[in-house]
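Heads up, the next two complexes both have chain A, just with different partners, chain B and then chain C.
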Partner chain A sequence: MTITRTNPRALVVDDDESIRSVVDIALGLVGGFDVTQAASGEEAVELLTDRIFDVVVLDVMMPGLDGPGTLQRIRSTYNGVDVPVVFLTAKAQPHERRDLESLGASGVIVKPFDPLTLADDVRSLASLDS
Partner chain B sequence: MNESDVQEALRAVWRRHRETVLDDLAELIVLMRRGDSDSAIATLAHRILGSLSMVGLSDVEGTLRHLERSTGDSSGSRRDEEVVERLHDLLVRLRSTD
Partner chain C sequence: MAPDLYSLTSSSRWMILIVTVGIATVSALSARIWSIERSHRRIRSVLEKRVFLRTKELERAYEMTEHVVNAVKEAIVVVDPHGEAVLVNPAAQAMLEIDRSSDDSRQICRVFNERFPDLRIFMREHVEGASGKTSITIRTDVSGRRRVLEVLGTPLDGPDEGHVYIVRDITDALSFLEMKSRFVSIVSHEIRTPLTSLSGSLDLLDEGVLGALPDRAADLVSIARSSTDRLVRLVNDVLDLDRLESQRLTLSPTWVSIDELFVETLRTMQPFSTKHGVRLLADSANGHLNGKVFVDQDRIVQVLLNLVLNAIKFAPASSTILVSARRRHDEVEFRVDDEGRGVPQSELESIFEPFTQIETTDDRRDSGTGLGLAICRGIVERHGGRIWAEKRVPTGTRFVFTIPHERQETNP
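This part shows the complex of A and B:
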């Protein structure tokens, strides 16, 4: 039996429930992703230990394990070694973006974002087929 | 995708979180008026910026970006009464945004 999967799987990590909801709408309803939410970096790392995702959309400022720390931990999980990670952050200054990109992220998207174009931006940054 | 379904879903999120955003904004105005620390102001401004994806007010983003840039600015421009007034206007507008 052949299983055909058409929807890319996104893991959305943000401590703010309202942001997770908006990203879920933007990626799921608008962009056709299968979206899983995590409320912390720790939860994201746990999910990645036994599940495969095509992209991780990761908040930067979170209590506990923050975005950069989470990225580092993700890279140490079996399913997270190569997964594209896109940071989502309200910090928009050029040096802040450069710092995040230098950590090995596929890209940085600035909040507030347009929910109607977020999925296209994530696909493009993560090099996912449309 | 039906765009009206998307807009309705976003409005539902906004309605659920509206009071929190308004409280954050009111707190930000208080922090600025009393000259609180840059980091407290920047943290709150970043949180509000994140929330604006629900309502899409680009001019509001401009005001908050100005605030963000001026935190850490020794000129104290972040405490400009003009900025506080703009945040006040924002608070009034968001209160009436359904």
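This part shows the complex of A and C:
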């Protein structure tokens, strides 16, 4: 028998359902991730208390707990202490990008993103083996 | 009996002679004095008349000046060589809400000097030459309302050297600009979210990730995809232009090698130029340059990409586009030369205005937003440079932009 390789597990957090769907297909169908969706920062934090993910793809502007707030809370959960977090944002200014990176994110991907390369981009930013 | 002169002694004769000569002299002198006096009187009356007329003229000129200064809607403040206000015209009094019931100009100046210390400091420093600025924007309190004032100063020539200042209240203009900018920013971000899922979905469908589509469906998806791409570029360009216009575009300059700028530009544009059968070359003329400029790399590459993209759009097949740089005086001059049919003389300047496009006969026009060159100009000017287009002989267009060199060495 060959060794079965498990797919990397991604948690996709975005309040916009249509974006979650596109990211899901881009990471899952195109990129071979196992994708779990969360519609809010609160839901993401809850999921991370008892499940392990290899990467969190996190929207920045969300009602309630926003991206930076969610990142802070993720770091205080048991499974989220050092999980790589990649921001997905419509704010593309270099200083906005630097601000997000300085919060302890592994990288920033700007909307609109290319769904065909998204999985590769997430992999390389989060330093996951492909 | 008539006196016999000969019978007089010789001394008496002398006496009479002297007296006679004396009388003659005196009468001649007095006649002269009288005539001098008369001409003096005449001259004096002429002079008096002239002085009177000249004074009247000066008075009229002064009244005219005063009238103009009082009548204009521009707020004017004149200061003496020590930076003290000596004139605050009614428009300035109204703008700064200085009590206008007083006619005493010295009282008005005193109120001005006391109530607007920051304005006064600027004017004093300006008059003394401490600040190189000729204009300043000041946020100040006018009767409890926050106002933004723009002050422009000009030195006065002449014996009473001082400065004259025009004060403009730009509060409303600024808040309008801020409002517009906020609007553009919100709309762009709001558009970007649905655009992300739209373009993402179309990309996935078009690439057959979910299986092959029927031919006609694939055509439609492909059309929708390229239109969406154009919409994305438009939103990005509108945001860029707005940031440039509202001065909110932050540059992150570093020392960048010109070669690196060219390599990045060529690498990105090569597929597009190959597709159109156009040769793309770069010459950084390193022998004449120290090879580096202090710029925001991403933004200058954006300018170069835009210029090269434009050139490719208008370039005939198998023509050459040359990207080059050279040092000229205190600047580094970047050039993009093409062999296209050229921009009409009348449009060489207007092409840098937003939403202008040069008419093309083929479908390549569709890929532009009409904002590219306006953004290029904005970016170059934020770097302290200039940008323009020239006609090339016999055919083609040369786009040139400059980056000041000396200025940068003071703040690397």
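We take it that the second predicted complex is superposed on the first by the 125 of 130 C-alpha atoms of A that agree within 3 Å, B and C clash if a C-alpha of one lies under 4 Å from a C-alpha of the other, contacts with A are read in each partner's own complex, and residues count from 1 in each chain.
Definition applied: a contact is a pair of C-beta atoms (placed from the backbone, for glycine too) under 8 Å apart; a residue touches a chain by one contact, two chains touch by 3 or more.
Since the structure is predicted, the reported quantities are computational estimates derived from the model, not experimental observations.
Engineer: For A:V86, is the partner it touches chain B (first), chain C (second), both, or none of the two (neither)?
Structural biologist: neither
Engineer: For A:V22, using the defined touch cut-off, is the partner it touches chain B, chain C, both, or neither? Pick first, second, both or neither.
Structural biologist: In the superposed model, A:V22 contacts both chain B and chain C.
Engineer: Tell me which partner A:V30 touches in the superposition: chain B (first), chain C (second), both or neither.
Structural biologist: The answer is both, since A:V30 touches chain B and chain C.
Engineer: Between chain B (first) and chain C (second), which does A:P115 come into contact with in this model arrangement: first, second, both, or neither?
Structural biologist: In the superposed model, A:P115 contacts both chain B and chain C.
Engineer: Quick one: classify A:P94 as touching chain B (first), chain C (second), both or neither.
Structural biologist: Once the two structures are laid over each other on A, A:P94 reaches chain C alone.
Engineer: Do chain B and chain C land on any of the same chain A residues, and which?
Structural biologist: Shared contact residues on chain A (touching chain B in one complex, chain C in the other): 16, 18-19, 21-22, 25, 29-30, 61, 90-93, 111-116.
Engineer: Which chain A residues qualify as touching chain C in the complex?
Structural biologist: Chain A reaches chain C through residues 16, 18-19, 21-23, 25-26, 29-30, 61, 90-95, 111-116.
Engineer: Provide the residue numbers of chain A that touch chain B in the complex, in ascending order.
Structural biologist: Chain A reaches chain B through residues 16-19, 21-22, 25, 29-30, 61, 90-93, 111-116.
Engineer: Where on chain C is chain A touching in the complex?
Structural biologist: 189, 192-197, 199-201, 203-204, 207, 209-210, 232, 236, 243, 249-250, 252, 298
Engineer: Within their complex, state which residues of chain B touch chain A.
Structural biologist: These residues of chain B touch chain A: 1, 3, 5-6, 9-10, 13, 16-17, 20-21, 43, 45-47, 49-54, 56, 61, 65, 68-69.
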